[in-house]
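Please find the structures below.
Look for chain A in each of the two complexes below; its partner is chain B in the first and chain C in the second.
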Partner chain A sequence: MLTLSEVTDISGEEGNLQVKVLQHPRFVDMDKCIACGTCAEKCPKKVEDQYNAGLMKRKAIYVPYSQTVPLKYAIDKDNCIYFQKGKCRACEKFCPAGAINFEDTEKELDLKVGSVIMAPGFTSFDPSSQDTYGYAALPNVVTSLEFERILSATGPFMGHLSRPSDKSEPKKIAWFQCVGSRDMNRCDNGYCSSVCCMYAVKQTLIAKEHSDVDLDCTVFFMDMRTHGKDFDRYYEHAQEEGIRFIRSRVHSAEPVPGTDDVLVTYVDERGHQEREIFHMVVLSTGLEIDEHVVALSQRLGIELDPYHFVQSDTFHPVATSVSGIYACGAFTGPKDIPQSVMEASAAACAATQPLAVSRNTQTKTVEIPAEKDVTREPPKIGVFVCNCGINIGGVIRVPEVAEFAGTLPHVVYVEENLFTCSQDTQDKMTAVIQEQGLNRVVVAACTPRTHEELFQETLINAGLNKYLFEMANIRNHDSWVHANDPDAATQKAKDLVRMAVAKAGLLSPLHQTDLPVHQSALVVGAGVAGMTAALSLAQQGYPVHLVEKSGTFGGNALQLHRAYQGEDVSAYVKKLTDEVSAHDRITVYPESTIQGVDGFIGNFTTEIQTPDTTETIAHGVAILATGAREYKPDEYLYGSHKAVLTHSEMDRLFMNDDPRLKAAQNVVFIQCVGSRDETHPYCSKVCCTHSVESALELKRRNPDINVYVLYRDMRTYGKREDLYREARKAGILFVRYALQEKPKISDSGDQVRVVFRDPILDRELAVEADFLCLATAIVSYHDQTLAQFFKVPMDADGWFLEAHQKLRPVDFANDGVFLCGMNHYPKPLDESIAQAQAAASRALTVLAMDTINVGGVVCHIDPDLCAGCLACMNVCPYGAISEDKEKNVAEVNEALCKGCGACAATCPCEAAILMGFNNQEIYAQIKGALAA
Partner chain B sequence: MNHTQQSEPIQGAVMVIGGGIAGIQSALDMANSGFYVYMVEKSPGIGGVMAQLDKTFPTNDCSM
Partner chain C sequence: MVQNENFEPRIIAFMCNWCTYGAADLAGVSRLSYPPNIRPVRVMCSATVSPHHLLRALQEGADGVLVGG
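Entry: the complex of A and B
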């Protein structure tokens, strides 16, 4: 990891690139710094803190935030008194570790790599120039990022909702949407930033939660773009919670004389001017690419679009114009976290594909010392008590706790550390374990969730089994929550240490076994997503079985005319299909279905029913790419009048160059047919862009045609906004309708008569339409059988449910199974392709392993004690327990068991034992607690 | 692709520019699939903008 560094140049060919990196001096020795914070405490220079969006001060020597990785201080040279004025050096004087190095210099590094991924992110639009919103002049007009910090517990007001001017609690807040987005007048950002509607809704609800009063929240918006998974439900929920949504682009925000309040002037939908006073205003600022990133891209020859995002095409969403350089995240276009994470994985797959032959050639393997057998030794426990800087030591009297630990049975060594987790302490700890012959280790510090693995590694390095370790959480469970009562907190720390020591004395080593990984994949579904995933894995060197229920490959893409940037879809699908069919590592199974799945990550066996026979295949991972389908409505005369079509049917007319298109005089599109209603309470995401695209295509074919788009919110997010602007320029009419007042359709010979209300004119209009195109929803196939085979969940709308909506968007909770494409949620081609490459990338992390570790903290069922009641089998959330019918007992599959302990808690015979948390150990811990 | 004709062997290392959520995810995936990763970050620590966010939809998890 090279921090404080920037790439200055890249040369060479994909596979062999030379990269020049300039590393700026940190002036702090990373090996010596223990991040105690003394330097920052003593540093006399206060600087605006960028992490807190300038709402707070930090020192000239600093860590950006307390969880920073690496947790090492750095001197900000531009603000350091010594560097600016020649004297001070307070940090050097007080640093207990001697880590300050004022002589540190800039370094130039020449590195050789096969490919580069650019993930430089975005900067939040600076609204200072937009004086009508008063950001520069009014203290209580803040940006959305500033408001995030205001809401945060680690922010300037410690999570108390306060406004900057007088720290009072605002009772009335307004959000202005599209600041620095969808705006070609006050800035040149014609695109939609995609994320601001959703984060504004989130901020209103979180602000309400933080507020002691009934907070009045108002959002001023143009179109509410909550097009992501479950986003519309959240928007509905916000409306139910009383958040006001006003459709208007605000005219101005001005001071209210004599107060710190803000006067907001806006024009409502009927054209009336309104004025309202708010205590605070949040500007929902858009996403921009930093000028340094633009400069670097230009130097490297990466083609950017007019808004400075990477010029990418629909079929290669993470490629750049320079071979060997890939891009992901906000750099390729404004997007939210899940989409960024998907693209990140996609870029990882694309960037390593040409390097597949060199896999594992430059990775380093860690030498592990032989494990010492301690089973015959009496317990010799070492206790390490951590101050965590001042996090623990500022409340709890750590020396007293350490002294107490020394009096406990089997404890032979006690040490107090400032930061037990720092690298130098880990090295010392390894030495101490060996010198003192310790065979159990207790660390009284923070939480095992974040630090257990680190300490376990130290045990391994010292030749101990990693399970001979126990943590007492005297920070999160103690010093943080009892900060006001140091005496009680110190007593509680002693209790927690006593409990941990009591358990540690009984710990026995646990072992993991290696199971071989079957290095091949199963992909279900041969639409664009499935074929992309299959081809990616095959090109990375792994055999793939591709199963498709129909006789043709290509899925929904076969029905599409053009992608949103104008690319020819059928030509691409044909090329992809040919490549997949010709690849010698891909076995295709057309007209085939899955009949059964058995096994677990690395070791699945699946039964495939082909037209002729049943085949059983073994595979290590599975990717579900089963798609979704276009909804066929039963309203608006669909199916009974030939002028009424869906999008795929209209695309068919385009592809066939149907003469009726040229003859048509009036065409009407109706949006949200079957979407955002009671039956499908979600946005289908693709239909707004599709309608705009088709409307433009009609205009291109016949410039005199009249096109009307009846919509609820136009959701042409991201760069798609350009199409919407182009369409309005081309004279296409966009008229909003409400769900309560849908357009009315009647038969009118060869045409249909469409009657709708124009909200601006406030009157009814009628059009005799030659074609009525219904932008119908995308709906799930609701394939429960497949979901059960792979033990994966589905949400209420029938979309497969990923392991984590933000951070694991293509993984399932069931390890080794991944998802991509429209079975996850409706999405356009570029996003399906990115998700497919992402699923392949995640699958590669499994396939690249020769073996997987199973065992450790898992359950074991003692067959001698088991009564065969199978209560455990019913509570196991992972399907890890099965019945041995011969012996009439339950047994655990260690590869599926996650060690949750539900079975151990349920078993009436105490036959189910959770290793590392067995009854004796837990009882000893409870006794330890009661001994106080 | 015929790599044997190349004068220099294909590198088994990659580079990620930017240590935000996207950069971190790319780096982890590549490291876990057998490649050595250099991560280049301009600031003193990784985390990017996501580390500045308070809570995220839909889990309301803290962004750390």
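Entry: the complex of A and C
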């Protein structure tokens, strides 16, 4: 990992690129810094903290935030007193590890790589120039990012809701949406930033939670764009919680003389001007690409769109115009975390595809000494007590703790270290373990969460099983939090050491075994998502079985006319189908279904029913890409009047150049047909853009045609907003309707009569429509059978439920099974393709291994104690427990077990044991804790 | 329980490795201060804490048990 570094140039071609990197000096030796924070404590220079949006101060030597990776300090040269004035060096004087290096210099690095992924992220729009909202002048007008820090426990007010001017708790807060987004007047950001509606709703609810009073939250918005999975439910929840949503773009925010409050002037939907006072205003600022990223892109020749996002096409969502350079995240267009994570995996897939031939050509094998069998030896425990410079030793009397450790049972060796984690101590520890014949090791130092692995490696190097190790956390849980009470801290340290030693005495070696991986994949569903995933895996060198229930490949895309950027969908689907059919690593199974699935990650067997026979295949991973379908409504005269169509039926007319299109004078679109209602309480995401595209297509074919779009919120998110603007410019009329007052349709001969209320005119209008196009919902197939076969969950709407909605968007909790496309949630083609590439990428992490390593800290069920009640099976969140029907006992599949121990707590017979955390070990710790 | 002014409870805290234990680590990194009465037992998930563990802690003389997860 190269930190403080920037790419200055890339040359060469895909597969053989030379990258020039400029690494700025850190002035802190990463190998020596133990991140104790003494330097920052002693540094006399206070600097505005960018991470906290300037709301608080940091020091000139600092880590940007507490979860920083790598957790190492750095000197901000521009603000360091020594660098600026030639005197100080306080950090150097106080650093217990001798890590400060003022002589550190800038380095130029030349890297040879096969491909590059650009993930430079975004910057938040700076609203200082928009004086009507008073951001620069009024202290209580903050950006959403500033408000995010105000709400954070690590922020300026430690999570207490306070306003900047007087630190008082606001009772009334307003959010202004679309600041720096959807705006071609006060800035040049014509796009929608996609994420602000959702984060504003989130901020209102969290602010309410953090507030001691009944906080009054008001969101001023144009269209509420909560189009993601489960987002609409969240929006509804916010409305139920009493958040006010006012449809208006606010005119101005002004000071209220004599107070720090803000006067907000806006015009409501009926055209009345309103004035209201708020204690605080949050500007929901949009996403922009940083000017340095724009400059780098121009230098590298990466084509950007007019808004400086990567100019990507629908069918290659993570490619750039430069071969070998890929992009993901907000750089390709504004997007939220799940979509960014998907694109990240997609980019990893696309960037490694041309390099697949070189896989495993530069690997090295680590030499590990043979493990000593200690099972028959009595425990011989060595205890290493760390001073951590002065971090522990400055509070806890370490010699006293070390002496105490020597009195504990089975302890045969005690050592005190200045830094137990330093490389020379590790080398010494290896020697001591061997010389003293230690068979258990306890380190009393910092936290196992950061250092357990390091010490376990030392055990391995000394020929000991790595699980014969225990830590006593006498720094984070002791000296750092009880700094003002050295006696109590020293006593606690002794107790923690006693607990660790007591557990260590009972530890037994745990073993891991390698299971072979069947290096082939099953993809279910041959729509665009399934075919993309299959092709990606095949091109990476792995055999793929592609199963499709119908006789044709292409799924819903076969019905689409054009993608939102105008690309020809049919031509692309044909090309993709041809490539899939011709690829010698892909076996296709048309008109086939899954009949049964057995096994687990790396080792599945699946039964496929083809038209002629039943085949059983073995595969290591599975990708579910079973799609979704268009909803067929039972309202608005659909099915009984020929003028009433769905989206895909309208696309069919376009593709067939239907003569009726030429004759049409009036066309009406109705949005949210079957979406965002009681039956389907979600947004189908694609319909707004689809209607706008179709409306524009009608205008292109016949400029005199009248097109009306009746909508609830126009959700042309991201770059799709340009289409919406273009449509309004083309004279297409957009009229909002409310769910309580839907448009009324009646038969009028060859036409239908559409009656609706215009909320701005506050009048009822009627249109005799030649076509009424219903923007119908996308609904799930609710395939319970498939879900049961693969042991994967489905949500209330029938969408497959991923392992984590934000961070693991294409994984299932059941290892080795992945998802992509519309069975996850309705989505447009570009997002389906990115998700398919992401699923392939995640599947590759399994397929690229010859074996998977199982065991270690996992559960074990003792068959002699098991009563066969299967309570454990019901609580296991990973489906790792199954029933051995012959013996009538439960058994754990170590390949699926994540070691949570839920089964161990549930088992009434104590037959289920979590290895390394068994009851005897925990009881010993409890006894040790209370023995003083 | 006999209460007096000098009473200092001894509390066994079962801490999930992935959340509470990490939070306690962060409390240290942030140099927050809290009373030294708890003795943490790291577990891999709060779901693995069984009634047996809670009872055992009380039997061994703990004045309170905290499960964080």
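The rule we apply is simple: the second predicted complex is superposed on the first by the 749 of 932 C-alpha atoms of A that agree within 3 Å, B and C clash if a C-alpha of one lies under 4 Å from a C-alpha of the other, contacts with A are read in each partner's own complex, and residues count from 1 in each chain.
Here is the rule we use: a residue touches a chain if its C-beta (ideal position, glycine included) is under 8 Å from a C-beta of that chain, and two chains touch if they have at least 3 such contacts.
Keep in mind that what you see is a predicted model, and the values were worked out from it rather than measured.
Chemist: Does the superposition put A:18 against chain B (first), chain C (second), both, or neither?
Modeler: neither
Chemist: Could you tell me if A:488 is touching chain B, chain C, both of them or neither one (first, second, both, neither)?
Modeler: It touches chain C, and chain B stays clear.
Chemist: According to the stated criteria, A:8 is in contact with first (chain B), second (chain C), both, or neither; which is it?
Modeler: Neither: A:8 stays clear of chain B and chain C.
Chemist: Who contacts more of chain A, chain B or chain C?
Modeler: B
Chemist: After superposition on the shared chain, which partner residues are touched by A:851: those of chain B (first), chain C (second), both, or neither?
Modeler: neither
Chemist: Thinking of the overlay built on chain A, is A:448 touched by chain B (first), by chain C (second), by both, or by neither?
Modeler: A:448 sits against chain C, while chain B stays out of touch.
Chemist: Between chain B and chain C, whom does A:298 touch in the aligned arrangement: first, second, both, or neither?
Modeler: neither
Chemist: Looking at A:914 after the superposition, I want to know if it touches chain B, chain C, both of them or none. Which is it: first, second, both, neither?
Modeler: Second partner only, chain C.
Chemist: On the A-aligned overlay, A:113 touches which partner chain: chain B = first, chain C = second, or both, or neither?
Modeler: After superposition on chain A, A:113 lies in contact with chain B alone.
Chemist: Which chain A residues come up in both lists, the one for chain B and the one for chain C?
Modeler: Overlap of chain B and chain C footprints on chain A: empty.
Chemist: Mind pulling up the chain B residues that touch chain A in the complex?
Modeler: So the residues of chain B touching chain A come out as 1, 3, 6, 8-27, 29-36, 38-62, 64.
Chemist: Considering the complex alone, what residue numbers of chain A touch chain C?
Modeler: So the residues of chain A touching chain C come out as 37, 66, 154, 447-450, 473, 475-478, 480-485, 488-489, 491-492, 495-496, 499, 857, 875, 899-902, 904-906, 910, 914, 917, 919, 922-923, 925-927, 929-930.
Chemist: So in the complex, the part of chain A that touches chain B is made up of which residues?
Modeler: 1-7, 15-17, 19, 21, 26, 51, 53, 62-65, 67-72, 74, 111-122, 124, 145, 148-149, 151-153, 155, 198, 202, 206, 230-231, 234, 292, 328-330, 337, 340-341, 343-345, 347-349, 351-352, 354-355, 357-364, 540, 804-807, 841-842, 844-845, 847-848
Chemist: Which residues of chain C touch chain A in the complex?
Modeler: Per the touch definition, chain C meets chain A at residues 10, 12, 17, 21-22, 24-34, 36, 39-45, 47-50, 52-53, 56-57, 60-62.
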